[in-house]
Every structure is written in C-alpha cells, then in structure tokens.
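Labels run A, B, C and D following the written order; every chain starts at residue 1.
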Amino acid sequence: APSDGGGSPEPVSGGTLVYATGDAEPSCLDPHVGGNYPQGLLSTQYLEPLFGRDAEGEIVPWLAESGEASDDGLTWDIALRDDISFTDGTPFDAEAVKANIEHLQDPDTASSTGYLAVEQVDSVEVVDDSHVRLHLSTPKSAMLEVLSQQWAAMESPEGIARGNDENCQAPIGTGPFVVESWSPQESVTLTRNDDYVPTNPEIDHDGPAHVEQIEWRFIPDAATRQAALASGEVHVIDNPLPTDIAAADGQGFGHLDAPRPAASNRIELNTAQPPFDDDRVREAFLRAADPSPGIETLFAGTATRSFSVLSSEEPVRLSDEELFRTDADAANALLDEAGWTERTDSGTRMKDGETLTARFPVSTNQSTAAEQSLFEQIQANTAAVGFDLQLEPMDLSSWYGALAAHDYEAVSAPYTTVGPDVLRILYHSDSTVPAPSGYFANNAQLTDPDLDAFLEEALATTDPDERADLYTQAQRIILDTHAVLPLYDQQNHFLTNGVTGVTAIHTISTPTFVNAQLTE
Amino acid sequence: MTLLTVRDLTVDLPGAGRVLDGVSLDLSPGEVLGVVGESGAGKSVLARTLIGLTREDPRASVAASTLTFDGTDMTRAGRRAWRRLRGSEIGLVLQDALQSLDPLRTVSAEVGETLAVRRVARTERRQRIVTALHRAGLHDAEARLGQRSGELSGGMRQRVLVASALVGGARLVIADEPTTALDATVAARVLDLLRSLADDGAAVLLITHDLHAVRRVADRVAVLEAGRVVEDGSAAHVLAEPAHATTRALLDAVPRGPKPPLRPAHRPRTPILRADAVTRRYGHVTAVDDVSFSLEAGETLGVVGESGSGKSTLARLLIGAEHPDSGAVSRHGTPRVRLVPQDPLGSFDPRHSVGQILRLSHRDGAPSPEELLRRVELDARLLTRRPAQLSGGQRQRVAIARALAANPDVLVCDEPVSALDVTTQAGILDLLLGLQEREGLSMVFISHDLAVVRRISDRVAVMKDGQVVDSGNTEDVYANPASAFTRELISASR
Amino acid sequence: MRAAARGRALGVSGILATLVAVLIGVAVVAPGLLAPGDPLAVSPAEGFQAPSPAHPFGTDESGRDVLTRVVHGAAASAGIGLAATAIGIGLGLLIGFASGLGTRLVDGALSRVVEVLYALPTLVMALLFVAVLGPGPRSSILAIGLATAPGYARMIRARVRQVAGSDYVSYARHEGVSAPTVFARHVVPNTLWPLIAMITLGIGQAIVWVSALSFLGLGAEPPSPEWGSMLNAGRVYLGTAWWMTFFPGLAIVVTATALTVLGRRLSSGGTR
Amino acid sequence: MTPRRWAVSLRWIAGKLGAAIGVVWLVGTLVFFALRATGDPLEAILGGPGSQAGEEAVQAAIDRYALDEPLVVQYLLQLRDIATLQFGDSYSRRLPVMDLLAAHLPSTLLLAVLALALAWALTVAGALVQAVARGRLGALVRAGLRSVEVVASVAPQFWFGAVLIMVFASSLGWLPATSASSDPASLVLPVVTLAVPIAGFLSQVSHDALDDADAAPFATTARARGAGEMRVLLRHTLRHASLPAISLSGWAFGSLLSGAVVVEVLFARPGLGRLLQEAALARDVPVVIGAVVIVALLYVAVVIATDALELLVDPRLRRRPQSLRAPDVAVGA
C-alpha cells in the first residue's frame, strides 16, 4: 500500500481528489429538497449559504455582508455581497435570495430541514440589488444560524426555475466546485469553479480551489472505505471505524475530527408512558447506565463522554457531570422507592405484575456498530439493577414507524442543525405534535410550560447575553427531568491519505476542499 | 505362444468373501475358451478381473501368482498400463446388457468410444461403427446410430454392447453371456462372429450357460464351480465325457423335448386374459402390430421371435403398464397377474434388500421369503443383500421369487431364465410346471430359447416386426412351421 | 466387536462428525456444562482481548467471552438453521412432490409458483415479513425459508420424476400397490435419502443467510448470542480482532461439515 | 431439425413465454399488495422517513400519484405500467424507474453471469480433481475437497468479501477494493466473493450425483473400453452429475442476485441489487416493483434456459413419467 510516511510529500496543484462517503447517497443533490446530512455534506462543495460560523461558534458573513434584526425581532435586514455570480452566470443578488426562500417554502419542493429554517418568514422584500428584508410572523433570534445551514444555501434562480427534477441532478451554486455528472450509486463528479470568488470563511488563499476535480464516491461499507483509503484508491473517507481512527496516525493517515453542532448524541427516555413517566425510575436508569467505560474502549479514545444535551461546538452548552454519576446503590434505592420491589427469576424488577421493561428501538442505519455495542452494554448495566431494556434493531422506516406509534420507552435519535435553537426543536411541547407523516422531534415527550417559555423567549430575544442565559436555564430544566442521557458529541471524523488542507466548516461540520491539495 | 496366462487367481469382494479361488487359465490366439458354470460361480467376476476392473474397488483384494497378457506381467501393472489394454487389446462385453449403455449417449457415441479414445479419425470411425454393428447382427445399424439405450429392445442393447467390444479390434475378447437376450437366429450370428474373430487370430473367452453355444464355437472349455476351476479340457472331450459331477449335471439339464403332460388342473379351462388387435407405436416404429390372442386358465402361451419384434412391449401391454394405441387387453374374472421383467435389476428398489423386496410383494397364501428363495435355488443368506450385490442369475431368480410371492394366477415372464445356467434353468422350469399343475397357474412365457419354450408351452406365438407370424399348438408349430421366419429360427437353434 | 465394526463403517470422519454433533447437542441443551459463564455479562475494560488461557476464543468489543457466547449461541443458531430449513424443505417437499407427480396442469401451476418464489428476491421477501411481523429473526427465518424453498422444490421434483419413471415404481404399480403406498415406500425414500446431505448443508447455509440479512440492515437481532449475528457484529473489527468472527464462523463451518458428513452417511445408507 | 421438431420446439417456447407472463403478473400483484399492506407510500414520496412535510406537500403528493383513487384503480394502473414496462417515477429519486433500471441492470448482470461462469468452472474443476485423485493419496484429496465444498458453501459473503478486501486490497494492494466501473480488475474480488459459495453448493450437488453415476454399470463399460478417468468423467458421469446442478442453476442465479446485493454494498458497486435494497428500505414502491418485475423476467429467462439445457442433456426428460395410479386394464365379466 502506498504510504506517505517518511519524507514529507510535496503538495501539487490540480488532480482529482477522491472522496468516499459512507453516508447514504442523496436522492436529490439539491439540499432544499428534503434536507438531510448527506445532502449537506455534498452540497458544501458547490453551494454556499448566506452566513457561516467561525471556530468560536460566532456567526460570520459568507454570501451576505451582514444581518441585523429590528428591535421587535420581526424584520431582518440582510446586506449581500455584490461581486458574486452563480456558476451559470446568473448574478447573486436580492432577487436570488427571495427566489431561494420561496423555493424552500414551496410545498412542491418538499423541503423539511430548510423549510423549518424559514418557517417564520412571511415575505421577502427586495430592497435593492444587494439588500433584502425578511418579514417574520414571530421573532426568531436564531435566524442567522439557521440561514447558515447548508440546507438553506443559495442556488441560482435560473437553476431553480428548471424544476425540481432537473435541479436535483445538478443544482447550480456559487461554490468552489460545480456538479458535472452523477452516476447513481457510484459517484458524483465535481469540477473546479475557475471563477470562484473566495467567500468561504475557511479559505486560506486567493482564487479557485487547488484540485481540478472531486470524485465523490459512495462506499457504504466502513471496512471497504478503509481499505480503499489504505490502498490509495481514495483520498478522504468519512465515518471511519473508531479502531481505524485510532490506528490512523501509525499508518500515516491524516485525521480530522469535526463534531457536529447543536445537539449531542443522547438517549432519551419517554416521559409520557410507564415506566419512565416516573422521575425516580428515570434517574435510576441514568445512575445505572454507566456508559463511560464502554465509550472509552469502543471508541478507542476518539470520543469524549458528554454530560450536556448540546454539542461541544455550542458555546452556550451546560454540562453537569454529577447528575450522571454512576451509582448502582442509589439506582436500586430509587427503584425500591418507586415501588419496583418484586423480581422475576431472571432478576428483572416487577411492580403490580408488570415487569420493568423498556423498549429501545435502534436504527441500524443511524447507529454505528460501536454505538450499538454501547447500547448493549447499557442494557447489561441496567439489567444489573433490574431493568429489562429491550434493544430492537431495525431499518430506518420501521424505526420511524415505531417512534410514530410511540412503541418506545427509550430511543437515541440524532438531530443536526446549527445553534442552540435545537433545544426548541427537540424539547418544546409543540414538538410532541406529529407532522402529517407522524414524525415528531420531542422523543422525551417533555411538556413543561416553563421550558416552553424559556425556549420561546430565547427565540424572540435579540440580546445575545440574555439569549445565552435563557438557553442555560432551559438546559437546566431539561437535564433535571432525568429524561436525557448524553453520550458524546455526534461523531464526525474524516481520515485522509495523500491530501493536505482538508478542513471542516463550523456550521454543520462538513469538510470543504477549497484548500485541499493532493500530495503525490 | 499363449496370449493370456493366469495362475492362482484369487479374488475377495466386500460382502461376498472369496469369489475366485486359485483360478488358472491359458488362452492362445485363434482359440475360443468357453467358461461355464452355475449361476454365482464367479464367471462374471473372472471376466471383470481379467480386464483389471475388480481391482479398482479399493475394498476388493485381487491376487495371482502369474497374470501375463502378451508377455507383459500384469500383476503389478498400474492403472495406466491396464487402461492401454482395455478396448484396444482386450474387449469386454458385460453381462448387464440392459444397464451397460449410458442412457444419455447415442449408440454411435457408445460404440465408437474405443475408437475415440484411440483418436481414430471421425470419418473412419463411423464406417467402423456401422461395420461392427452389422457384424453384431444389427441390420438397421444406420438408423440406430442416433438412438439411446432407452429406445432399444433388450437384444438390441446386447448387440450394441457386442459391437462396442469388438470395434477396436481387440486381440482378446471376453464375452460375458453375450446372447442371453438374443433370439436363436441372431444368437447364432453372434456366436459365429466370435468364432470368426478367433479364426482371424484373436483369442476369445466366452462365458455362457448355453452348452449348445459352447459346443458350437469353443475349442476348449473350463468349468467353474464356487470360484474354482473343476474341469478343464478340449470342448469335444469335456462335453462328450464329462469328468466332474457339475459338468455332468449341466449336460443332463439341457432342456429337450416337449412339455410333459400335466395332470388335469382343477380349474375349468376358461379364458382369463385376452388381447384384441392390440397395436403400440413408438414414433415410426410399430412395436406391436395388431396382435390378438386369448390365454386360458392353466395354460402356457410361449412367445418367441426376433429380437426387437415387440415381445417386451407386448408384455408391458398385457400387464397394463402401457396402453395400446388401438385394440384392447381384457381380463376375465379378477386374476392376479405378475410380471417377471426382462431387466430385473431396474425393477428392484435399490434401497431394499432381497428380504424386503420379497416381503413387500408377498400376498396371502404364498410361501415365506425363505421358502421362495429355496424354491428358486438361492441361499437364504442372500436375504440381506441388495440387488446390486447379486450375480445376473441370482437377480433373475429373485425376480421370479418376487412374482411368485404374490401367489399369482397369471405370470407374464419376459426372458425369465435367460441368465441361468442350464441346471438352474431346469429347476426353475420344473418349479413353474409344478405350479401350473398344482395351482392352475397360467403363463405367458417370452423367450428366445426355442427349446425352453417348447418344454413349457402349450401353445406358441412367433413374432416378427411386431406381428404374430405363426401360432398354434407348440408341437404343431415346431413340426410344421407356417412361415419362413419360423423355419429359420428352428433351424438356427439346432 | 459390533461397535468396532460400526466404527470402521463410520470411518474417522464419521466418528469425528458424531463427536461434533454430540458436542453441539450438549451446547444446545445444556450450554452451562460446556461454558459456565454468562454470555451477556459485559466488562468494557476487558474488550478486544486476543485468545488467551483465560479467554480461549478471546473477548468481544464489550469484553464478553467469545467462547461462552459461541457455546450459548448454539441453541439460537441451531433454531434458526432448523426452522428456516424446515420451512424451505417442507414447502419444497410439498411443491416438489405435487408437481413431480401431479398432472401436467398441476405441475405447470406449481412450477409458476416456484418461479414466483424464485423471482422474489430474498431481500424483498425479508422486507415484506419485516413489515408484517416486525423486525427480528422470525421475519428473516420465514424469508429465508421461503427463499430456499424453490431450490429444494426443483431438486425434489427432478428426483421425483426420475423415481416415478423408474422400473421399480412401475413394477409396484403393476403389483396393484396403492398410489399412497408406492409414494411412501419407493418415491419418498428414493427422493429424500439422496437429499439428506443437501438438507444438512442447508442448515448451515440458513444461519449464514439470516446473518446476511442483518448485514443488509434487515432482520437485525438483539444482542443475544447467535453465530450469524456474532459474525456480522464482529466483521467491522476484522482488521483488529479477527477472533471475533473467526470462532463463530468456525462454529458454523464445523456444524455444517459435521451434519453434512453424517447426512451423507445416512443417505448412502448401505447402497454404496 | 425437421419441421415437426421445429413445431414442437416453438410450442415449447410459446408455452414457456405464456408462463413467463403469468409469473410476472403474479409477482407484480404480490409485491404491489404486499408493499401497500405494509406501509403508506406517502412517507416515501415525502422524502423518506422522518419527513417533516406539511399539509400542502402531502396533498400535492396525493394528487401526483393518484393515491386518493380506490386501491383497485391504483392496482389496475400499476398493471398497465407493468404491461408497458413503464413503471412510473421513483418516489425518492424522482426519475423514471425504467431509466434507473436500465442504468443499474447491466452491471449486476455482468457480475452475476461472470460469477455463475466462475462457479461452474470451479465445480467442474473440482469434479476433475475428484476424478483423477485415486488411491490412498487421492482419497485424502477427495476428502479435503469435500470439506472445502462445505466450507465454501457456508462462507458468508459479507464476511468472505471483507477478508478478501483486507488481504488483496489493503495488505497486498494487488487488486482494487472498490469498483470503478471501467476497470476490469475491480471485478475480480466481487466475482470471486459471489461465486465461491455458489460453487461450493453446486459442487456438493454434482459431487453426490457423480458418485452415483460412477457406480453405474455404464461407467464400468466405459472403463472396459479403455476410457481413462478423465474421459469417463467428461463423456459419461459428468453429464449425469450435471443434471441436478443444471436444474439448480436457475436457483443459483437467483441466489446470485440476492448475493449481488451484499456484494454491491460491500464493494460499492452500482447495481440492481443495491437499487432494490435501497428502494425496499425506503419503501419506494415503483422502483421495487420495477426491479422485481425485471428480476422476475430474468429468472424466467434463466429457468427457460436451464429447462432447455436439461432437455438437451437428458433426452429421457422429454417424456413425462406415468402417474402413480394403478394400471387400468379392462376387466371382463
């Protein structure tokens, strides 16, 4: 296998960078349609949003110059850069922004993530070529954060006008690369945008990207991806196995750790039905779960235990280690107190003829092998104090079906967005009301008026300090429900071989190849 | 100079123990050696051993102090050396004529195999195949080239086998019962063929139970009993002055004369089985053509005829295993009909032991399996054997025992004694006659052996090309054959 | 003396196969005898340990003893293999016999059914069962059973036709033996015995198939030990912890081999 | 061939084609109702599970796919689609299903055909070794071969393929781990992964049949004619032994296509199997039905081919066996 150990390899200009993703292949390359992480990952290379974030989590301009809210929070004035064109030649201007937001709101687009971002936008007013004004129905302090998501990135209005079917094949943006072709299940070929105007906050040079082409390949199997990286067939892979990450250094591979923003990876307990409708039972569960030793071995030191519902990327996160301290005695006492005193032959606790059973549907698409093993360990650990945690691995459709039918007492559901407003999406009581498809985001089924109030206020306020304070209070309430067991940041690792300059943007932590250079 | 020398040949087979015990033989070019002996004496095993086939079974043990072919010592010969001899130097006609052709391959591929192995040119091959088939007595050889064994009558298969053994021009031809399925005319031709091979300089080892045949072609004869050669000498001498009891018994048992008068059976002489103008076609071939007859209770109808004339087909029609294209077979009353098939091996379930076979066919009033075996002169030890482990004659007798196990009213026998030595044959014929006398058994008795048919039949039908060309009381037909074909048959069997 | 004779008849491979079969039997009935530990007891600190005297087969990612899991997994694995094969063979028998012996019409209709089963990829079949019955081994077993049925059916049909056309069957019919008896006495044994080895092999294959469905994200199984799911779970650690897949794989292979050897002995049943 | 035999062959083919239509109809119907019974297609149309689409989007989807029509009408529409081989648009990809199928079928077919060929080659090679291996050493070789067959036939593809990748791609670097569709070298590992278990199975089946044929008198006769083991095998016994294997080749092709799903996922190859897997998991009804119908057509074609091959190899099969009923002979008064 080629190895770039030994002498330091020379970066060269041009060439084709091969990226191998383990995420699902998007069904549409336009992230406005639907809106999932794989689309965000790929579209980072050819679409750019109005705003970005810096390493500290502060909003920075990208295609926009600035964004200001009115005092009542109901209008947002956004100034745009005037030196940018889409790759089809259409100028980027206020009309384009208006067309994009309307595209997101059009039911035919069937946007879900992007739609949530601009849900509150009543109308878009074109002030002049480089100024737009958003009129909102309710205040939204998180406006710039949500607009910084790749799912609300800007596309050429001409491209949008082609209709969804065509636009899905090759959306037109302003990014450093252009979609050239897509052979389904195999790869998407991206070519360099030679007229690229450096707007990406990550860029470290003037002019277009170094590599001429990106071949974006879909390799679903982690071991195969790793083999392809080792044999030099690909330069960058995502979703590597923890053991491979740990071994990467010794093999001379580069490693990029870019935890996803917003929520951490956590297990949520369904507070709406027994047995987790009892706070004591929930606390007993948290005290007994003891995931830390498992995280250490399973993730081979590549993941850090989290004690917060928010990602370590979010400045306002609140961590409380004490709350999750493992204490089997306390757990037993709590369960005794809650009346779960009888035991079955196998040691499961019982009360009034009911066993202390919790169904835990696991999506095999979303939970990695290591994570599933961790769940098994939690199952074994909680069994020691009398829980019967039933792991139910299933495919994604069945998993959503189980959630929609409330056939779960515990669940781990990832959610990616930008900013602490994710708390509102995940824990506001409105989020217990299902969408037409049956989907709801509040898996813990929290319905706390105080919490709702904090989250709404935080969304409305325009004062950053007050906002931070409100989110801290909200997190306090959420943690104290004992309905959430944080595990670690949403893992987002990349391994590289034969390439330098791979960095991740700080919004949804997708890699950008604007600075990448092959070293051959 | 002798071509083949064998000294102290001993063979042990798994399950059967010592089958050949110190056999010694010499065979020179131009000579026909007849090997006779009772069924199960070890004749077929001897044939297979002389071509090196018994040693292929790792569980068998084969030993000889001398075994030379054409001056080459074969006791220590490897597989390759044996293979060089087979087909081109030594030709073998296996006894299992009905099963010895590959059912998936055509006649021309099977006969031509030896030539193909020796890379004879394709055009020459065809010529030699046709010639060999003609010599073996198959007239319509060209038409048969594309057929497969399933489409051939028993006798045809046997002639194809004979042809395949001599097509390569072997210097030693071993023929194991090569005429069992052949009518007298054709059998005579095949025997003459063997003689002429010897006259042309080949050596021939003819295994047969037919002493008539031995007398006709053999120069010398060896008599085998229980794996040992008990008598050995010139054919004329041995047959004229047999020294050993077995030989004498064999000679005495040669069937001759008409059917002995039976004491009147206690059943009324009523028709029991009728065929009315039955016809059966296979493609262009009309196997049975407008045949009518009626069989009465307690009588035997003999059917003789050319090989391939439709005898087996008629038998299948009579028992209802096949339906006539036109005409009808009818039974009167509800007689129990049983068949003794021409190919007994195929008619036994390969998973069943002899004991099981007999028990499953057993019907009320019939003797026990042990008793049945005794009646067909078989040892009760065979009860645990499977069909594949029996000699040809043993199988045939098991097939007869199975038919008798049903206590039948009508017996349709298709070449039931063709594989039996004359001694055993005589015993079986007596058994059948006894049954007829005591229990009024009716029989349709198909055979190519005119002497056998004469001995057992009241009436006889002579078949040729599917038609009955002659019929009537046996003695009448034999004395005054109406058709030229019948005359030919009778003269050939003398 | 008799036992020695039987031993010789079995041969070395036969004796080994019998031993293995007995061992598997014990593992199924009383796994505690062979491996007293708890197959579910985790110990994260002891994860990924290579085989050693303490853990002859090593430990898995959660520090569970692989030997214990392999032993305790025998019951579930055998259950999956047997159940799926039973469904496949059962249907195969039904269809194979009916279409081998039935009229041209019955044969035609059943052959179509077989082709439909052929034509429905295992995956779709599994998915349908997952949707109807919910995810889990039950759906996989049914799907695999149904998916293997056409293969067996065809094999059985071919043999049935061969046997039904044989001289010994026509002889039995000639003897007036009733059709059901001929069927039971000749057709069934002569069709099935030669297939025994196939059937025993099918058990091993069924275990593997069910685990392949897990690999594809269908019919995943809970963490109870089962060879197929251990194989699937350990696959991602192939490069770092080979023992996690090697031993469950070995268990499947050894089981399949032993059963096949025994099956072959049975099916040759003295005719050879 | 004579005109009569032509007529017979044509009738045979026509019968098979008629049956093929029946099969496709049955499969289509089965899958349609099964998928309908097991889930609402709306979810798939609205961007997959977890969709947060609003009321308007839902109504738009219902209109576009006629989901408010009675099920029977939808079924008839579906049948029309199947009959014209126009399966409509994919719910999730929004492309005509025919285009998707056309894009993915060739690569899977290539994979399956190569794998079947390799499986057969390995089977025949195994038989050759078995035939020439005689004597004491030969017995050992034969026993070894039997074990290899068993091991091969229970080798899980998802594991076996991963081992191959690890050895030949990661460690030795001889072959690519994944496929660039243009590179023939990238076919090697997938084809081997796919072929080995099938070869193991086919070998098992033909091995048993080979032993049976080898014990038959016609094999003895052939040896008596001077045919060597190789010739006995190739000209006699192998034909008998191949019968069950041929009849199973159709089935093997089926399991190849199922195995193709595993292999395509593992080696990141585009193909029908992966398309089907993804569509099935996403409940993309038009794609599933389209793929299944195509697969059904393929199977039927393969089954017809194997039936024809069987008839070619074994002329005896051209006759139907008699039924097991007792012979009927008129019984007079």
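Heads up, the rule we're going with is that contacts are C-beta pairs under 8 Å (C-beta built on N, C-alpha and C of every residue); 3 or more make two chains touch, one makes a residue touch a chain.
Quantities reported herein were computed from a predicted structural model and do not represent experimental measurements.
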item	value
Pair exhibiting more inter-chain C-beta contacts, B-D or C-D	C-D
Centre-to-centre distance between chain B and chain A (centres being mean Cα positions), rounded to whole Å	87
Chain centre separation in whole Å, for chain D relative to chain B (CA means)	48
Chain centre separation in whole Å, for chain D relative to chain C (CA means)	20
Centroid distance [mean C-alpha coordinates] between chain D and chain A, Å	40
Where chain D touches two or more other chains, by residue	39, 162, 166, 170, 215, 265, 281, 316, 322, 327
Overlap residues in chain A, where contacts from two or more other chains coincide	223, 226, 365, 395-396
Overlap residues in chain B, where contacts from two or more other chains coincide	319-321, 388
All touching chain pairs, where touch follows the definition stated at the start	A-C, A-D, B-C, B-D, C-D
Interfacial residue positions of chain D with respect to chain A in the complex	39, 42-43, 46-61, 90, 92-95, 100, 103-104, 162, 165-166, 169-171, 173, 176-178, 181, 264-271, 274-275, 278, 281-283
Complex interface listing, chain D residues touching chain B	134-135, 139, 215-218, 220-228, 231, 235-236, 239-240, 313-316, 322, 327-333
Interface residues, chain C side, partner chain B - complex	166-168, 170-171, 173-175, 185-186, 189-190, 193, 269-271
Interface residues, chain C side, partner chain D - complex	13, 100-101, 103-104, 108, 111-112, 115-116, 118-124, 127-128, 131-132, 147, 150-151, 154-155, 158-159, 161-162, 164-165, 169-170, 173-174, 176-179, 182-183, 187, 194, 197-198, 201, 204-205, 207-208, 211-212, 215-218, 228, 231-232, 235, 238-239, 245, 249, 252-253, 256-257, 260, 264, 267, 272
Contact footprint of chain D on chain A as seen in their complex	1-2, 20, 24-25, 27-28, 33-36, 107-108, 110, 112-113, 115-116, 164-165, 168, 183-186, 217-221, 223-224, 226-228, 230-234, 365, 395-397, 399-401, 435-439
